[in-house]
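You will see subunit A twice below: alongside subunit B first, and alongside subunit C after that.
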Partner chain A sequence: MLGLNIQLLVAGLSVGSIYALVALGLVMTYKASDVLNFAQGEILTAGAYIALLFSVTLKFPYYQSFFLTIILISGLGILLERVAFRPLIMAPPFTIIIATLAVGQMIKNLIRLIWQSDVHRLSPPFRMAIWKWQDIRVNTQAVWVIACALIITGILAVFFRSSWLGKAMRSVSQNQQGARLMGISVERVFSLTWAISAALGAAAGILIAPLIGVYPDMGLVLVKAFVASIIGGFTSLAGAVVGGLVVGLIETFSGAYISSTFKEFVAFILLIVLLMFRPYGLFGAKQARRV
Partner chain B sequence: MKKLLVCTGLILLTTFFIVSEDAHSQQGVTNDSILIGGFGPITGPAAWIGLGARDGINLAIKEINSAGGIQGRKLRLIFEDDAASPSRALAGVKKLVDQDKVFMLFCGAGSNSTVGVIDFVKERKIPMIVSIASAPGVTRPFNKYLFRGGTTEVARYGEIYSDFVTQGLQAEKIAIISGRDEYPKNEADSLTKYLKSWFNIDPVVRVEFNAGDKDFTPQLLEIKKANPEVVAILGHPPEAAIILRQARELGLEQHFFGGAATVDPAVPLNAKFAAEGFTGTFLLPIYLDSKDTDMVKFRQAYKKEYPSHPAGRPNWCDVMAYTDTYVIAEGMKRAGKNLTVDKFISAMETLRDYRVSRIATPRTFTSEHHIGNLRLQPLVVLNGRWVPLAWEPSRPSDVLKKP
Partner chain C sequence: MVLREAFDSKIGLLAIVVILLTLPWLLGSFYLYTLSLILVNVIIATGLNLLTGNAGQVSLCSSTFMAIGAYSAMVLNLKFGLTYWLALPLAGLIAAALGFGLGVPALRLRGYYLALATLAFLEIIQIVIQEASTLTGGVRGLLAPRPTFAGFKLNDQSFYYFILVITFLMIYIARNLLNSPLGRAFNAIRNSEAAAQALGISLAQVKVIAFTISAFYAGLAGGLYAPLVGFVDPVEFGLWTSIFHLTMIIVGGLGSLMGSVVGAVVITGLPEWLRGLKEYRDLASGAILLCFLIFMPTGIAGMWGRFHRPLDHISKETEVNGTRS
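== the complex of A and B ==
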């Protein structure tokens, strides 16, 4: 029984890390620019395909492909912000949401046009091995994904707390006018936020690709990541990670102990129940307004 | 005199127009061409089906026309995009029949779109061959205008799977893990039904997953607890590859058998060593990367016609549509010079085990059934490639027995 639970724990953390990585990107753009980016799933997919292009077609080594992909997709994030979303800055929120959906569909269909719908393989950075201990078996690539998710969260936490740029981004997310008065270029901060968010999406795509393959619908993981973001509190990066891990664990354990049918919608049940008691999520806080 | 000359002139003019049309006024047929209306998804997530169908048909048409056509007539194709939507398929078919005036329809669509057009096709009495969709409504109830080509009946999947798993793999304890969407669910229901009715076996466990799932640990642990001899994976390639990999990681050493949709190069490519020994069934008698001379010849012809084809093409839809185009061409040839719908249907019903080459399964149509193909070829993954297995079903199909 203990072995079964540990096995499920590892599986839950592994899939939860995927949700967490995508949720981080969602929360970042929302915190900085109030935009709910429904193209984040397709940015993840684009990252995986660009890494595929570098590593399989151009035969670059893994880490070179990884960093080149991050740089390229960061550039894509900046381009999307400047061309697709900044012109809509004064538009109603619903319009911007539709714009992000449209951008996502464009990216996905462009991928289909070039690579068709086949499932491709992206090799991991090291040979996949299975750690065995009694009845428990752990895939080293899954551990790598969990570790990377935690490392990236740590780096972001330090960045936002300690770096000038991170503080600037936090101030823009709190009060754009005030930030402007302090000499911060709000537009540049938006661009940087989108660049980082896109980079997070690309990193997620590259990390999960060796486990699930590379195919145009990879980005559907966004749905669960969105739930994870809300559970964590949509304004908290730590909350996004915790939310992702919680969703992954709840799904896995409910699939084992209740039924695999239940696994699909348990995340949504959890969301509704949580919001009834904590409407701002686990780590979110009600925004205070001066009246 | 003047009136006589005018009347004579009108009569001659009318006769000229009648004669210069096809002698028998058959829609879609002229003295020098036969017009075929094709449809399928060439945009959207299912575009791999329609693009394969369109390109396969076009390749066959080019070859047939180069060899002189059918009774001196060239084949022409108009292909409509249905984007895998039943309503768009119906709109496309209506246009093909009413505006373009095609002789017959070639359905290169999936089941979803196909069911949307069946009633219209029956009502308008236009022959249609369905190359890829397995929707039961194509052949049940029997309608003389509808033909099923390279694909086979849904029930036949269950028959072949159950026969192969119990007689071929010699298993009595079978677990099923299947997708919750329509096609894998139908496969799983059909397999369960025939395991029981033919071999009196119930699956030891049956679990489901959703398309897009990334982790199958709960399902696989449940299967591991049931300790089956064979595990049947019925779903799509991305999930099948993950299931195989995770199964081996969790210590499941059983034999894995996959449904027709899992026979895809993506499965051994992504599951690597975990896919070795994985068996499945395929609608073509030889796999796409086979060194068989007929498949090599097909690939060369394809590459010459489509030099910048994307990776992963030709796929099985290309081959199915290509071979089914030859099937209908044979029917047209046998129908003779005065081609009509009824003569075409009667000619198609004379086909017995017809196939253009070894890349196709034999097609048979009679006046009582238009189910062209009842064969599925078992394959196994060896050294990362799908290779055919020498195996024949142990019992005849019940599909043809049904009213």
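== the complex of A and C ==
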């Protein structure tokens, strides 16, 4: 029984770490430029496919393809911001939702054109797939996902707290005009934000690929990441991470103890309940609305 | 607008009606099918534009209300033995009831949060349709037979005429609605909720009515869509279909009734016109949508209006998008 619970805990935390990485990417662009990126799921998909290209087609080692993919997808993030979203900087949410959805569909269609709709396999970095100890069996890829997410979150936290660029990014999200007056190039900060956000999506894509396979619709985890970001109030990076882990754990445990149908429902029910009663998140502060 | 003037003037309207009535004799069965599909999409676009374009409420679940309408009509018809002519209006009413049910919690939300709530609603209904497989056939889908009238099965042409009548009726209702106090209230809450409230408009009431009416339009369209296509399955009512509906009203023109009609015609016909592009079709339609958002946020109706109408019309339509306010 304990063994099962520990297995579920590891599985839940690993799925949750992926949600957390995607949610971090969402929250970053939202804080910086008020864009809620509905294409983040497709950026994740693109990351997984580019990794597939490097490691399967070009036969690069795992870690090399990991880093090359992240660099390439950051470039995609910068490109998207520059071409599609900067012209819409003053547009209301409606326009931005549709624009990001359009971009996401374009990425997905492009992937379908190149790779068709088959499910591909991306091999994990470790040869030993299951780690056994007494009655506890742990998937090594799950542990690797959790470790990676921890490291990435740690690097981000240090980056925002102590580096000059991180502070510049925080100042832009607080007050763009003030940041501009301090000599910070808001445009460059936007580019950097999108690069980091896309890199987070790509990392999530590479990490989740050995668990669920690589296919055009794998970006659907985005909806779970929305729930995670709402738990965090959409403005808190730490909240997004906690939210991701919470969603992952709730999903995994309800799948094991209630039913697999309920597992599919639970994230959406959580989303609607949260939106109705605490739309500013469990951690966020209620914001006054300007009329 | 040429089309608006055409609809306003008796002769223009008569010409359009005559053309639409004679087309079935001129077109082959495939083009007749496309034309019927365009009419169904005109109904959806009209309803969605009332909600999103006029009342300013973002909705990503128009396809879900269409699904609810399609499945209600078919389940009532096939499993409960109700005649299609009763099942169709009931399907619209069931969708409207669920639209009301979604509208009440949606009152507290706006912008991104409303979009997320409607997205969650879409996903939940998708799962419900897949799980309730004894009624809906689950992922395998459901065969949707053509309705019969007085013992005869409707053929393509007569079903086209039926859809045509419903489409004109729904456009007529929307036109009158937009000229009524309620329609003006829709536009008022989109432009400024605070100002509308100050004028004595009940925000909650108007928003819920907008959701309900829009869901009724989509549900009715779904009820027509199912026997037209002959088959329904949950996949075709996913998020992509909702985006397709939103594309129609953005390309046509937000907040403009003629925009809904023009957008539905252009976007439904687009796959036919882009046939030369073959597999790049979906990619191209995404690019077209993005270009419209960035360069022509008022849509075709807005562009036309800029050349043909005084400014008051444009300012009303631009404010939906805000890019040029």
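By definition in this document, the second predicted complex is superposed on the first by the 273 of 291 C-alpha atoms of A that agree within 3 Å, B and C clash if a C-alpha of one lies under 4 Å from a C-alpha of the other, contacts with A are read in each partner's own complex, and residues count from 1 in each chain.
Definition applied: a residue touches a chain if its C-beta (ideal position, glycine included) is under 8 Å from a C-beta of that chain, and two chains touch if they have at least 3 such contacts.
In this text, all values refer to a predicted model and were calculated from it rather than measured experimentally.
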Putting subunit B and subunit C on the same copy of subunit A, do they fit or clash?
clash
Tell me which partner A:88 touches in the superposition: subunit B (first), subunit C (second), both or neither.
second
Does subunit B (first) or subunit C (second) touch A:115, or do both, or does neither?
first
Check the residue A:181 against both partner chains and state whether it touches subunit B (first), subunit C (second), both, or neither.
neither
Should A:11 be classified as contacting the first partner (subunit B), the second (subunit C), both, or neither?
first
Check whether A:2 is in contact with subunit B, with subunit C, with both or with neither, and answer first, second, both or neither.
neither
In the superposed arrangement, which partner chain does A:226 touch: subunit B (first), subunit C (second), both, or neither?
second
If you stack the two complexes on chain A, which partner ends up touching A:264: first (subunit B), second (subunit C), both, or neither?
both
Can you list the residues of subunit A that touch subunit B in one structure and subunit C in the other?
109, 112, 261, 264
For a test of understanding, state which residues of subunit A touch subunit B in their complex under the given definition.
4, 7-8, 11, 14-15, 18, 109, 112, 114-121, 130, 135, 137, 139, 208, 211-213, 215-217, 220-221, 248, 251-253, 255-256, 260-261, 263-264
Complex interface listing, subunit A residues touching subunit C
36, 84, 87-88, 90-95, 97-99, 101-103, 105-106, 109-110, 112-113, 223, 226, 230, 261, 264-265, 268-269, 271-272, 275-276, 279, 291
Touching subunit A in the complex: which residues of subunit C?
52, 56, 58, 60, 105, 108-109, 111-113, 115-117, 119-121, 123-124, 127, 131, 192-194, 239-240, 243, 246-247, 250, 279-280, 282-283, 286-287, 289-290, 293-294, 297, 320-323
Counting only contacts in the complex, subunit B reaches subunit A at residues 43-48, 180, 207-210, 212, 214-215, 217-219, 221-222, 237-238, 241-242, 245-246, 249-251, 264-266, 269-270, 310-313
